[in-house]
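There are two complexes below, and they share subunit A, which is joined by subunit B in the first and by subunit C in the second.
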Partner chain A sequence: MVKFEFKRDRVVFRWKDLKYEYIIEPRYWRNPAIGIALLAALPIVVWNYPAMLTMFTTANLLAAITIPLGLQLVGTARVNFGPQLYLGIGGYTAALLNLHLGWHPFATLLATILVCGSISLILSPITWIAKGLYFSLITLILPLAFLDLTFIYGDLFRGEVGLIGMSPLFDLGRVTWNYVSYYYLSLMLMLFYLLIADKIGQSRYGVTLASINEDEDVAKMMGVNVNRNKVFYYVFPSILIGVVGWFIVHTFRTFAGVTYLPLEYMLKVLIIILIGGRAYSYGAIWGAYFVTILEDVLRMAGPINYVLFPVFLILAIVLLPRGEGLFGLYHKRHHRDYFPQLKVRRN
Partner chain B sequence: MNGCKMVCKGITVFLFTLALVTSALAQDKGPIIIGFMGNLSAAPCLSARGAAQLAVEEMNAAGGILGRPVELIIEDTKGEIPKAVELYKKLVMTNKVSAVVIAEKVEMAVAGMEIGAELFREYPHVMFSTIGSGDVIWHRVRDAYDKYKFGFQTYYAVSTHYLTTFSHLNATVFKELAGAKKIALVYEDMEWTRPLRRGLEGVSPRLAEVYQKDGLEVVHETTVSTDQKMFTSIFEQIAASGADAIDCVIGYIDQGAFIKQWEQSSARDIPIFIWGGLAGMPPAWQVTQGKTLGVMVGSSMTRVAITEKTIPFMDNLATKYKVGPIFGSHTTYDTLFGLKKAIENAGGVADVEALIKQLEAVEEVAVLGTIGWDAKLHYNLPHPKYITPVVQWQKQGDQGAMQVIFPAEFATSKYMTPADLRK
Partner chain C sequence: MLEIEGLHKSFGGLDAVKNVDFSVRQGEIVGLIGPNGAGKTTVMNLISGAMKADKGAIRFLGREISGLPSNKVCRMGICRTYQIPKPFYAMTALASVTVSVINGGDRPNMSLFDAAFEASYYLEFVGLFAKRDILAKDLNLYELRMLELARALATTPRLLLLDESMAGLNPGEASLALDMIWSAQEQFGITILWIEHVMKVIMAAAQRIVVLQHGQKLMEGTPSDVINDPRVIEAYLGGRHVVD
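So, the complex of A and B:
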């Protein structure tokens, strides 16, 4: 028999020994609701500028890479400098299976999850054996090694040209409708990742996450299975990032390692984390939109944008509250509002 | 009340008709808009941008196309596929361009072509790839003409041309100029060299077999990685193989290191030919500290008048847009003039199907000969229509200069062996 309890700020469901809580107090859901409403209304504002929709789709995808990376960063207590490895693995898995075996995008999604999960599981012991700079260096090298493989096995990966002509997720008959739907899909993907990060952050796994991030030895003494958790927080975000690769394959319908595997792409993702605020899951969205829009606005300045863009980014990193980024600025003024937050070591 | 309704209906019909007529007039009389996309941090793209600006400036100075001004919209892809996709959509859907020129690596052109195919149904336009020699563009036209017919490729030579046309020309250079009978082949491990390494089914066997048929014995074959820096051992093996000439199918590897190590190896007296890249650019002499002396290379960057357009193009590009005519600039400039003639033949840009038919048939005097595209496969017509001279680095006072040694009608000097040049 399900029992309901209506409290001031939440509704509680009880069934046997299980208990589910849903927060109803406005400060918990108002900001996410406003944010989602604004993002959902964006296509109406830019309806006549379909290219901008693609720009925002790209921003959503960058945020969808950054959110799991933030989770991984905290859960393994290590900075992964090569999450784009799984973007590449996911993308190439989906593209190859779709092109050569004619697999439907839903089948390639399952394969992407399986392949990214397997490879990240095989590689996950690096979270045990290396930490600090060594872990960062290992993870930095992996996507670059994969990039080399795309040239060495050019018959398969098609080197610098990449794979082309994968089937779209769907075709609504009009290109504008397709682009709008891709935007909403990317938005849903990003929000789904945000929800996952939020739920993990709020749950007892979030406490485990925080304890590993604070001090692995203390966490072990508290009874946390640190190694198992580190494997989970390496594998699970890697799968989520791989799914972004799958999404890119079936929306842009081209996939070239030379675009996604080099260090430049990774730097953009890391900068998004820093600018958005590394402690906040929402910060990834702010950071991704900020960087994407700034880059596009500065393009109007002509070739000087190649100097201005990094200068602006450096200024943003220096001037924004250390570790808290853009979202930290907002949070300072609305400190009573609830925001999903990952417990990050501050030192 | 009925009268009022009639008036309202009349006004609605009038406004609707007016809107249609205005829109049609605007399409017929407004500027012809051309979109340009490139990575504006890369030298070839900057050169191509200057060439596109020069072409549009010259067209407008001569009265535009069919009396309509030409407008060029330039977009910077930053070398990223997502940005290229976004900008392609912007140019076609928002700016309503009639043609998109992608002067960038072939993967950008391919990404653009995919998006272009998606847009073509609702936004008819044509697309040109003017940098990148890979075969993938014309393969798509061949395999799915109706879907990709809007795509055209202009480059000095696509990989297929290298196999079917340039290989025979190179064999002539090796045999008749360098007196070679045995040859060593060095490839770089990139997509554009794949057809040369493997051959193209139904088109041509691989390069080594082409050379064998042309009477050259291939005694050594190797592939180098794009990030490789050490080549000495390769040159020592080539020297030991008894090769009379080295054919280097390279364009993107570190040619400074490559040439210096050739000059310091036992293979230094073996004539060397490089297909493209730094060796064919004026800075090669400084970068290699003169070690490039004797190197032969396919290059369009030498001042030789292939047509009456060649020298003015090189001068105007340098003086007006402060960029050198490096690879991608000739092809971009020539593409726009080929497009101009096709638009004139088609009577405008309103009927894109007619424009495509005209592009498939057009021939126009170009900087490097004649520009035109294959009617079925949409790559530009190769040698002898579109010419890339073979030059050799020779001494001119204390400095080096690229002298044309082939084809004979454009030659500015005679071929000399590396050993003779060093004397």
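So, the complex of A and C:
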């Protein structure tokens, strides 16, 4: 029997010996709600500009890659330089199964989860044995090795051209409606990831995660099963990133390793983390929109954008608070919103 | 409660701990002393699971714990503090202790709010409740030592390993810290194995003292036996200070 309990600032659900608490105080959800409303209203403004809708869809997908990556960085206490490996694995799994075996997108989704989960589980012991630079180098090499494979087995992966013509998630008949629907789907995917990351961050698992990030030896001494946590926070975000690959396959209907597996794509994702703010899930959205919009705006400047884009990014990294990025500017004023506050009443 | 037999640990060619035997009974405060490099912290690392022993047995409540990872050792009821405090610098005092509450004991379904509430009790106990929202990096040495104590107590240990808790404290702070450790022992019914260089403190606090030198046990006895033993005086001060 589920029992509800309404308190001043939260709702408590009890079922058997389990207890779930949700904060209902407006200050905890007001600003995220405003942000979501703005993102949801965005297509109304740019309805007639498919290029802008695609740009915002790309921003949502980049944020959807960055949010789990942030979780992975904190949970494994290591910098992963190859998150795009699972984007590639997820994308190619979905594309190949759909093209060659005619699997429905939902079947390819399950296959993507299974394949990304299995491969990341096999590779997860590297979070135990490799530290610091060694871990970063291993994760840096893996997607590049996979990129080489897509060329070596060109008859299967179609090398530079990539795979084309996968079935769409759905077709609304009109191009504009399709663009809008894909924007909303990508927004939902991103918000779903944000919800997961936020729930983990605000739960008992969140403080455990933070302790591993701080000092894994001391965390172990405090009873934290560091190895198990590391495997989970390597495998779970890898699956989430793989699902983004599946989404790209069934929305853009083309997938090429040369687009997603090279260093440039990884650098963009890592820069989003730096600009948005390390270890802030919300910061990933700020960073993704900032980088995507900047890239598209500078493209209008012609070939000089290849110089201007990195210069602007370097300036942003240097000028924003170190390690706290765009979200850090907001977070500095609201840091107490993000951890349960104990009210002390003394008579 | 804790039995150590034939404990041995070497690093390359250096024997850091050689054939050490001693035991700790329930409710005791046992001091572990010795000159620098005697192997005290290595013994503590071996007990807490931070290192694996090359040889020997460590039994806690009748169960062999040698070779177990430190998180399992912690859950069995052994927790430690560090000679140089190792706080979670970017976490608040409350969050740091909450980690111990959630992971240290057997509390599988405890919510973050309940854990934070329980953590506040330990912070109140060590006198840091008013600083619960301060980041650990902004606390002074005494407060860091108290935070470490709160963090260790929050794992509900049966045996607490203290590694030079008085190091760097002034006499006033050391006296406060000693009172805190005594009251922790009384209130939580814990047993303490305590490495300490401040002789005045350890002689006052411990019921029994084990002396290590060059990785080997030199002697074991009451504080008055230890302080008057010529071997201990020689180990600490040199042979010319021994009065025949």
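The rule is short, and it goes like this: the second predicted complex is superposed on the first by the 331 of 347 C-alpha atoms of A that agree within 3 Å, B and C clash if a C-alpha of one lies under 4 Å from a C-alpha of the other, contacts with A are read in each partner's own complex, and residues count from 1 in each chain.
Everything below uses one rule, namely that a contact is a pair of C-beta atoms (placed from the backbone, for glycine too) under 8 Å apart; a residue touches a chain by one contact, two chains touch by 3 or more.
In this text, all values refer to a predicted model and were calculated from it rather than measured experimentally.
Of the two partner chains placed around the shared chain by superposition, subunit C is the only one that A:Val224 touches, whereas subunit B remains out of contact. In the superposition on chain A, no contact is made by A:Gly245 with either subunit B or subunit C. In the superposed model, A:Thr259 makes contact with subunit B only, not with subunit C. By the touch criterion defined above, A:Gly91 lies against neither subunit B nor subunit C after alignment on the C-alpha atoms of chain A.
In the superposition on chain A, contact of A:Arg204 is made with subunit C only, not with subunit B. Subunit A uses no single residue to touch subunit B in one structure and subunit C in the other. On the side of subunit B, the complex with subunit A involves touching residues 40-41, 46, 75-76, 78, 80-83, 85-87, 89-90, 93-94, 105-107, 110-111, 113-115, 118-119, 121-123, 134, 136, 140, 189-191, 194, 225-227. On the side of subunit C, the complex with subunit A involves touching residues 48-50, 69-71, 74-75, 79-80, 82, 86, 88-92, 94-96, 98-100, 102-105, 109-117, 120, 129, 132-133, 151, 155.
Subunit A contributes residues 10, 17-21, 202-204, 206-208, 210-211, 214-215, 217-227, 336, 339-342, 344 to its touches with subunit C in the complex. Those residues of subunit A that touch subunit B in the complex are listed here as 48-52, 54-55, 58, 61, 148, 151-152, 154-155, 158-162, 164-165, 174-176, 178-179, 248, 252-254, 256, 258-259, 295, 299, 302-303, 305-306.
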